[in-house]
Amino acid sequence: MKNLKLTALSETHRRTVILVGDIRIGEDFVVIAGPCAVESESQTIKTALAVKAAGGNMLRGGAFKPRTSPYAFQGLGLKGLKILEKAKKETGLPVVTEVLDSRDVSWICEYIDVLQIGARNMQNFSLLKEVGKSNKPVLLKRGMYSTLEEWLNCAEYILSEGNPNVILCERGIRTFETYTRNTLDLSIVPSVKETTHLPIFVDPSHGTGKLSLIEPMSLAAVAAGADGLVIEVHINPAEAMSDKDQQLTPEMFQSLMAKVEKVRSCLAEL
Amino acid sequence: MKNLKLTALSETHRRTVILVGDIRIGEDFVVIAGPCAVESESQTIKTALAVKAAGGNMLRGGAFKPRTSPYAFQGLGLKGLKILEKAKKETGLPVVTEVLDSRDVSWICEYIDVLQIGARNMQNFSLLKEVGKSNKPVLLKRGMYSTLEEWLNCAEYILSEGNPNVILCERGIRTFETYTRNTLDLSIVPSVKETTHLPIFVDPSHGTGKLSLIEPMSLAAVAAGADGLVIEVHINPAEAMSDKDQQLTPEMFQSLMAKVEKVRSCLAEL
Amino acid sequence: MKNLKLTALSETHRRTVILVGDIRIGEDFVVIAGPCAVESESQTIKTALAVKAAGGNMLRGGAFKPRTSPYAFQGLGLKGLKILEKAKKETGLPVVTEVLDSRDVSWICEYIDVLQIGARNMQNFSLLKEVGKSNKPVLLKRGMYSTLEEWLNCAEYILSEGNPNVILCERGIRTFETYTRNTLDLSIVPSVKETTHLPIFVDPSHGTGKLSLIEPMSLAAVAAGADGLVIEVHINPAEAMSDKDQQLTPEMFQSLMAKVEKVRSCLAEL
Amino acid sequence: MKNLKLTALSETHRRTVILVGDIRIGEDFVVIAGPCAVESESQTIKTALAVKAAGGNMLRGGAFKPRTSPYAFQGLGLKGLKILEKAKKETGLPVVTEVLDSRDVSWICEYIDVLQIGARNMQNFSLLKEVGKSNKPVLLKRGMYSTLEEWLNCAEYILSEGNPNVILCERGIRTFETYTRNTLDLSIVPSVKETTHLPIFVDPSHGTGKLSLIEPMSLAAVAAGADGLVIEVHINPAEAMSDKDQQLTPEMFQSLMAKVEKVRSCLAEL
């Protein structure tokens, strides 16, 4: 990292704090939760209410889905964004959604609070430049094959266009292990902390792809120093149109939130 | 691959042949060569003439460069495309160039013969759909973390939009090995041949990142059954603005072409 | 894992508890600490006293070192074992040491309490069978390329010879990331817990290879549910003969132990 | 590789030639073929005769099998060695067999011509030292997670004990790709050639794990500059006790040998 001259690395003494409504990302511990995909108004709003009730801070939900196959459900698009807007009105939760195409950035910003760049688009440099020109915070997921240095260079593509509000999010890398969907690399959390001033989140839902591992890995992420979590929650996972096996029920999410809170308060005393 | 229902897999008895001028990709053995980036008219045309003289069939050259860092040379853009157009006029070689942004597809098509999707954009599904709507053949590089199945699904994104002319290109995957820049996976060549009807090329320049390995790996690719090669050649590699260490001189390229031809004719007799 | 018929998997309701002196591995939380290599009596005993003072439960130290190069320090051998024996007398700490050769198992058992199989020998099946015939507990490190299923099969090699006392230990897998020495896979902790009855430890020293990451990853391992930690501590890391950059000073270890204890007690309340 | 001081690297002008009977490994192109495991006298001798008839130069066959599971067939042991000895008498083919335990090296040497160190034991340093003390050539397979530098250091463990006769053998590394059993890294062939004076073989049977890929990858290995091949052949693959899906029939092997010969003679003219 010695030859890396990045805005992301330069202000070593002050950590970035990103304001979303009255949430202070990088300072407050923040949980972003919600369904993999926006499937219907009812599904989204019910899930949002459950997220809110359990103490979640922001709502996530995909309107544009980057699916491996062109024949899989691709998301509701504009209709999905309007549903997210309603869910925000109902709950007060700011919303995060993924953007896939540089042409969509400006108008998507009308509906949402935080733009997400997915793992598959981490090095879609046109898209990075475009969100760098927007006035919305960007949740930048780590590519599944990305080194820390490459990831920080992608953050720099956004920062160098004038948008200082980048949130990094570890979501699992690709290895030979097949028991989990990806290998969640929690050591990236303190590594990001010691090399940059940007907030770092962890997504144990995609990072493990296994319902039973989400809670322990959430607690581990907190202990490793993460600034927040991104968790998939669905009002009825069995009927989900994607990621059936890794979306928590509201009850599981509530239990998770209680434990996360407990570990956080304990760590705050260290 | 059993659950994969792809257009790419369906016509098992007939292999795809793609016409570019009078070149029959998938039937003729085709070598695409040229500089990493279009840097100037002189550099590009001199290189193109050398490629032509050595028996290369098509010219490659980047006008839009997907660089790891936002501060690295990003390519000449439109000016680069115009230089490629001139190089084509001078040499008669059809040109291949990479497209990075879905907004650029239609106008780039005015200048070039084959669109390239780079490894970093393999799962940029918006871009795949857009080139799928164009009338140009698409050279689809394998992502550095991509399984065969994921790659074929990306080809399917293009095919399913109505563009049947997809050329797959192996360019090395990411592993733990550090001696080479990437690990060139030649077993993907017969694997692609036995699962699809699409042509498969190999790029040993990016695949190894090492000058000394390009020739042996080119010959190995031919022996493995590749339909063509993509080779970086620069009129003066020492002064190249990118990929200094993996661009062949015209002399090296000429020597390589003679050996490739020899191995090909020998294999044709098997 | 469906076709796996392992002793390691069979008794799903009762977790293995391994007695070492009055330590109950699998029930008590256990910290094994000490130098990478036994270098001298003074270095080892001073370190052992520091480990004991900070609350460490067992002493580790290599007498036989599996070094990448044949020209690197290979360990003190028998002399090292005798030093470990003295350190045990001085401190009361049971000792763990690595065995490299099936011929050495029986006589090494005269000096130590727990045999370690290192990552490079995880699939040295002769050695596994030999330690399976011994009456000492075995700390079996995960190979740097090993899936969960392969690792459990290696445990089974030991169990099937009649030795039920196997402790699994995650120590980082090999990936493309170069910022850390290995990628510590903490999701293996709950994965082991849900598939076997064996205790699972974590070694953040080898797992990260970076001094600054050992503390956060230790806390994360605790939060993920680990039964214990293996930590490299050296009385004077700057003069260590191996692993200079990942051995904690006694002061750092003391600070780590206090935080680990705090997180553990907090988790016990969940 | 700059800091590597290896005997393996030192004599840059003269390549190692290893005599086995009248075969000159490193100078002649050599094909080692035979069953995964020695299962019976009849199976082994029939296969050996077929290997001989097709032009194979040496016989391979496992008497000690390093199986993932302790409950899988572990090989015939001494009985297997005696069968290999008979097969040698019948055919005149020198035999290669794997050794798993340092205690077995000296007596196994009574029965065979070349000792094999398998991928799983590449860093079993005790075993490397032991075969380094023997007077037999050693076929050292690359570990499935091993960098070139680590592999050469393992060769050095053998060379530094006084045995100069090391044959390196690429057999596939572990990556995320699941279509093939391993990823055969052919770029290691010219990489070994340019950094050492040792012969380099390729094993496409384990390297791909897929019958249909063995022939194209054998030809590619030849074109990449390999000094020899290791191929699994079984008189009746359907009834093999291991590696059913990657052992060639005698007919397939004969066809392969004819093509290999053709490509070799063509390359000799380059």
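Letters A, B, C and D mark the chains as written, and numbering starts fresh at 1 in each.
Definition applied: a residue touches a chain if its C-beta (ideal position, glycine included) is under 8 Å from a C-beta of that chain, and two chains touch if they have at least 3 such contacts.
Worth saying up front: this structure is predicted, and the values here are computed from it rather than measured.
Annotation: A-C is the more contact-rich of the chain pairs A-B and A-C, by number of C-beta pairs in contact.
Most remote from chain A, judged by the distance between CA-atom centroids, is D. Counting the residue numbers used at the interface between chain C and chain D, over half appear in both copies, so the two copies meet with largely the same residues. With centres taken as mean Cα positions, chain C sits 34 Å from chain A. For chain D, residues that reach two or more other chains under the stated contact definition are 145, 174-176, 178.
In the complex of the two chains, the chain D residues touching chain A come out as 174-176, 178. By the touch criterion stated above, chain B contacts chain D in their complex at residues 1, 145, 147-149, 173, 175-180, 183-191, 194, 207-208, 210, 212-213, 216-217, 219-225, 259, 262-263, 266-267, 269-270. Those residues of chain D that touch chain C in the complex are listed here as 5, 66-71, 100-103, 120-121, 123-127, 129, 143-145, 150, 153, 156-157, 160, 174.
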